[in-house]
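Shared chain: chain A. Partners: chain B in the first complex, chain C in the second.
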Partner chain A sequence: MQQIRSIQEMDIKLGERFQKVFTETWEHKKAGGLVCWSTSGGYNEFLRELGIRVVIPEVYGMVLSSTGMSPELCRNTDIYGYSPDLCSIIRSFSGFALSDPPMDPSTLPFGGFPKPDVLFCADYCPGLVKMWQEFARVFDIPMYVMEHPWVPDAVSADPEEMGNKVQECMTEFAGAISFFENFSGQKLAEDQLQKIANNMKEASVLWHDILAMNQNIPAPLSFFDVANQFAVFQFYKGTDECVQYYKELKAFVEDRVANTVTSIPEKYRVFWFGLPIGYRMAQHIEKFTRIQVQPVMSQWACYFGNPNMETNDPIRGIVQYHNLSTLQFRGVEWKRDYILKLIEDYKVDGIILEISRTCQVINFDQKDIAETLVKKTGLPMVSFEADLCDERLYSDEQFNNAVDSLVEMMERRGPGRL
Partner chain B sequence: MNELMDKFNWVVKDTNAYLTRWKKQTGKKIMGCYPMYVPEEIIHAAGLLPVTIFAKDEPVTLADQHMHRYVCHVVRGNFDLSLKNRLDYLDGVVFTDFCLTVRMASSVWMVNNPQLFYHQIFTPQNMVGDQTPQSLTRQFVRLKKALEDYTGQEITQDALSKSIAIYQENRELLCQLYKLRQANPERFRARDIAMVVAAGMVMPKEEHSTLLAQLIEQAGALAPQQAEDKVRVIISGAFCDFPQPGLLNMIEDTGALVCDDDIFVGRRLFNTPTARDKEPIQALVERYLNDLPDPNKHNPDNEWVPYLVNLVKETKAQGIVMLVVKYCEAHQFDLPYLSKELTAAGIPILIIETNDSGATEQMRTRLQAFTEMLISRRD
Partner chain C sequence: MITAGIDVGSATAKAVIFLNGKIQSHSLIATGADSIKAARRATDQAMEKAAVLPKEVDYIVSTGYGRVLVPFAHKNISEISCHAKGAVHFFPGTRTILDMGGQDCKVIRCDALGNVENFVMNEKCAAGTGRFMDVMAKTLELPLEDIGELSLNPVGIPPSVSSICVVFARTEILRFLRKGIPKSDILAGLLDALADRVYGLSCRVGTTPDFVITGGVAKNTGMVRRLESMVKMTASLPWEPQIVGAAGAAIFAKQILEKSSE
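Right, the complex of A and B next:
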């Protein structure tokens, strides 16, 4: 018998971790410490060891989305001349980062974050490079740009070229370390990087173990729980604290499995192909609870962590973590096969395709992949257009119609999963 | 001149017929070059015809089943042509990954047009990275090897050097044409110049250079025309795109003279030379690294705004018409900065967003207002 219980306990702990990051960053800055704004593409884990605190504005963009502040901030960037077609996460955090006069931090979630002393851009999305260039001009500070190469299918199938790519990324990463050592005046010890790599690996294994527990019926977590809990990775990746957090989360989820506890009553299980919609998450949970449909997995949850990374050479391991595991940087066939396996493993009854209007990294090849998923699995699929942060591009009506149609299709299809 | 222009126009308007006939006559293979930055000389040296894949000025229908409508019309448009069998003359396609959309488009092409040869070059975006030259060299060598495997024939250094010389001759001729245009823009319609350049992105360079030399000779012999009431402008942007002829006509019909440009189907094709006296791959790498700034490249030592300011000064232009392909993310992100800096430099700029819906009356109104403003500033 399913017991329905939210994971509020872990969400509170998550909120505390978040608050700690922002509070510590302000204290660090006030004490004369250095602050770096980094893209979420990674490689920034070593900065902490050089006395540089890292802020990831993209993650904060998602926080702004969840708190409903994004539309106003996106409107600010409209006024600055940025097109509403552009990535709404970037427009969200830029809406306050570029505001003149600066916004009062106390009006922002977690008290906002301080201005940077340096910028780090691991270039995986053109919008980020462009905005980091603008930040470099506005704040008149140095920036390090690191290539974040794509891995098309032809390269995935070519071990020699994959090796070359990894080698080039390793050289790039070593260059980044050297740049920030010079900037901070501190030297990164080899054992510090080794510890970071070990922690990244351990947290990755824990995270993927946690995700795998959602293969249980009922799943102990909903996709919405997962979408919140990944966040510790972003700010604490490579630290003991990150490993400790995911150990706690794993034990928490194991307990839910043992007691058949789930977040959303699970008559049907669905795969969420897209991104979570922070500003409607509460409504989505309410809707899915009412219709007893649980989104149990998404490709998005698997962007974080690489349990297969090697740790004997930390630079190689960290490159493997950031460039090789993340399916968003792969070709259509690689992504399609990965998602097909997720759909099989997680035993879903249907697929929801969320189309993020302003995120081309996610939406570009979704149609071809989605078509194959339906052809190969025979599962019903519905889609709706939305956007990660800009509520103006989302319609409740469209979402509700899509989900209701999916339920009808799943009911008509009857019980029996893959 | 009219006869030559008719030939250029025909090649561009009916590329399919031209290349199908060329292929039948020569028995050679055609390699599509996805815009932008494919080192065509390597393809040419392999004995293949490199041809730029353009989108056509027509509605996209079939591609919408595979790509969302908020992908730029260049990528949707040329993919649409492939699905409509209008690019059947292609034997393969070489992609770079200079922008996010292009790098992702390659995968979608491969899945939906599996009969073609494919190769993708990783083109660095960070122009000032320590290992950027080595990384790009390796990519160009990899392309060379892939083409050798495909054709079964070695690409010799000599063949590469010859191809570089043929391409460089073509660039120099285009340079001459642009000098004539700068000196007397009344003599050339912007649409005609774009057709001449675009034809060279489809025809064998050898044939194009022959026709181009004739055109330059004929144009040079014409008496200068004067149109004092017009204002001189530069068109910029239109990355990967062939600007719609209707829009180019509209710019000039509102009282402007396009005296130069900074577009893909224009100066960006020939501005940066390839050294003839260097090791060929090295020369091609240096060309890429020294090429004109664009929004997708990160190079604090070679920024776009100073380049544009200088181009305006050199050409005595009075303003810039910036053509922005809708959903071209990197370019769109640059617009606030460009507008602010160019305005601060005293250069008026008009931003026109283009998509597959053609030149509109709204565009005409904005162009008229812009031209009138430039005239009033001049007077």
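Right, the complex of A and C next:
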């Protein structure tokens, strides 16, 4: 096992993994292989075994945001006639996906990715479903939409009802496997799916342990490090490589805990209620370092840390894995309790609420949950409006003002972690 | 003990000299392109009015968007905290502050000591800000200070202003003017739409009495009356609503000095 020695080294390894995915996908396509564009909500792990390489445009949208290319690409999508109120991640990757003539891949981060032969969509986001339908129309290719049931709070609280929902998902998932088997002309062997489930479980336990180490004071990683490292799951979930990556990462984090090393000096710890702003991540890290405030956790980072996944029946296990860890499918109370527990476990002094203006999935219940969190914890909270890829909806002044005010509120409150 | 508070906003720079627990003097100048110069000039003016020499000022706190740019300030504090602190100085019963400044609009809830409990800011949009009012007054060729009063006396039914985007609202106003709609009616429609937007913001933190309106837009009586009617309470208006943040900064300066001498 290779020993990681620094955050920089960790990020380099991450970059290498990303480059490998995109390079291999191009090579696969050039050799006549099949490429699928999939949503990030999972269930696509088995496609690799059928000889189909998976690209996740949403993750690439975040890459575009981090590299500063999103504004130009969002503008392209606007020019193609789509509304500027659509999700900016979608607009970001669609800006080159729909470009005609196609953009030169060498001008894109990691060399971009090839056009798809097939589409896979898990329906947790209405905007993505519509754009996937659009891709299917424009590229004239087949698409499979996995209809995932919503799990209201009453169902979450009833094991029998929950079992029915899992069964519903299992039927849908089996349908997806059958669809792609027919499409690829290959059969998925039971032991292949079992291996995927086993690897998913092993990486999931590793990730859970890595995140749990951030409960240490000081935390070994900032939320920004966590958000970056989380991305490996998206492309490698279910593989031996994914397990190996997180084993190395876990050893690195254990070493930091043992030596009390942290990413950001930690006078105060905060919970980041939202997603990272890729195009400002470097500035945010610089600011938080200067004011010694470490965002230690966010609810999104915990997505793939589901150690309770069963593996006896791989279809059931994979469904449990996604169903149980994907917040979008759950009711407000379930989400609230889940986040409340994170806030308690990670012993924070305050909460930063990031409001993504064009995200249809998060916006609906975010405010209610945030208000309840404040009432139940008594912690100070500030919010700022932004967007994941569209810089036009973000203001540095408002962000700085909110964060500075939070620090003043935490200073006045004094040590008062939960 | 003499302290100073400087609030460098996007439109105006304000300074307050605080002496023996009272505001001794204040100044208010346009910020312009050079925030540092504006801060210096505002401070010099306030000191001159108070007959205080720079070396006699014991502690200076800066606030506002340009707070980090004031080289002679001992500390900078966000305007959220300073507005809460300043509003409680003006009206001790203050629990909610609506600050409508040059480029932003915020609603702050605070405790009896002026400590911030919660706040919300407008999104990246000029609606409800001084800048918006300024553009509309210019479009209608009216003095800024007259538009509030005029908006309270429409001749007919105010037209519905559908957009609160500064660019589109301006286009809409020009269309109303071409149709011959009186300026007072246009202003009434416009301020109805803006007040509605600001009211929505205030609902997010809740409006508890005493309710204080600060910032330049507090001088717009049309806006104030509409908001009072929406929140169903009378607003307290400081004698100079634009210096509340600077006053809060000066009070923080005093408290910091007192704490350090304990």
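The working rule: the second predicted complex is superposed on the first by the 410 of 418 C-alpha atoms of A that agree within 3 Å, B and C clash if a C-alpha of one lies under 4 Å from a C-alpha of the other, contacts with A are read in each partner's own complex, and residues count from 1 in each chain.
In this text, a contact is a pair of C-beta atoms (placed from the backbone, for glycine too) under 8 Å apart; a residue touches a chain by one contact, two chains touch by 3 or more.
The model shown is predicted, which means the values in this text are computed figures rather than measured ones.
Enquirer: Touching A:145, do we find chain B (first), chain C (second), both, or neither?
Expert: In the superposition, A:145 contacts chain B only.
Enquirer: Between chain B (first) and chain C (second), which, if any, makes contact with A:401: first, second, both or neither?
Expert: So A:401 only meets chain C here.
Enquirer: Tell me the contact category for A:412 with respect to chain B and chain C: first, second, both or neither.
Expert: It touches chain C, and chain B stays clear.
Enquirer: When the two structures are laid over each other on chain A, which of chain B and chain C touches more residues of chain A?
Expert: Between chain B and chain C, B touches the greater number of residues in chain A.
Enquirer: Once the shared chain is lined up, is A:126 touching chain B (first), chain C (second), both, or neither of them?
Expert: Touch status of A:126: first partner only.
Enquirer: Figure out whether A:259 sits in contact with chain B (first) or chain C (second), or with both, or with neither.
Expert: Neither partner.
Enquirer: Of the two partner chains, chain B (first) and chain C (second), which one does A:374 touch, if any: first, second, both, or neither?
Expert: A:374 sits against chain C, while chain B stays out of touch.
Enquirer: Once the structures are superposed on A, label A:357 by its partner contacts, choosing first (chain B), second (chain C), both or neither.
Expert: both
Enquirer: Output the chain A positions appearing in both contact lists, the one against chain B and the one against chain C.
Expert: In the superposed arrangement, which is not itself an observed complex, chain A uses residues 357, 367 for both chain B and chain C.
Enquirer: Which residues, counting only chain A, touch chain C once they are in their complex?
Expert: Interface residues on the chain A side: 357, 367, 374, 381-385, 392-395, 397-398, 401-402, 404-405, 408-409, 412.
Enquirer: Which stretch or stretches of chain C touch chain A in the complex?
Expert: Residues 65, 77-81, 104, 115-116, 118-121, 123-124, 204 of chain C touch chain A in their complex.
Enquirer: Using the touch rule from the top, collect the residues of chain A that touch chain B in their complex.
Expert: Against chain B, chain A makes touches at 80-83, 85-87, 123, 125-127, 129-131, 133-134, 137, 145-147, 149-150, 152-155, 161, 164-165, 168, 171-172, 175, 331-333, 355, 357-358, 360-361, 363-368.
Enquirer: Quick check on the complex: what are the chain B residues that touch chain A?
Expert: Of all residues in chain B, those touching chain A are 65-68, 70-71, 97, 99-101, 103-108, 110-112, 118-120, 122, 124-126, 128-131, 135, 138, 142, 295-296, 298, 326-327, 329-330, 332-337, 339.
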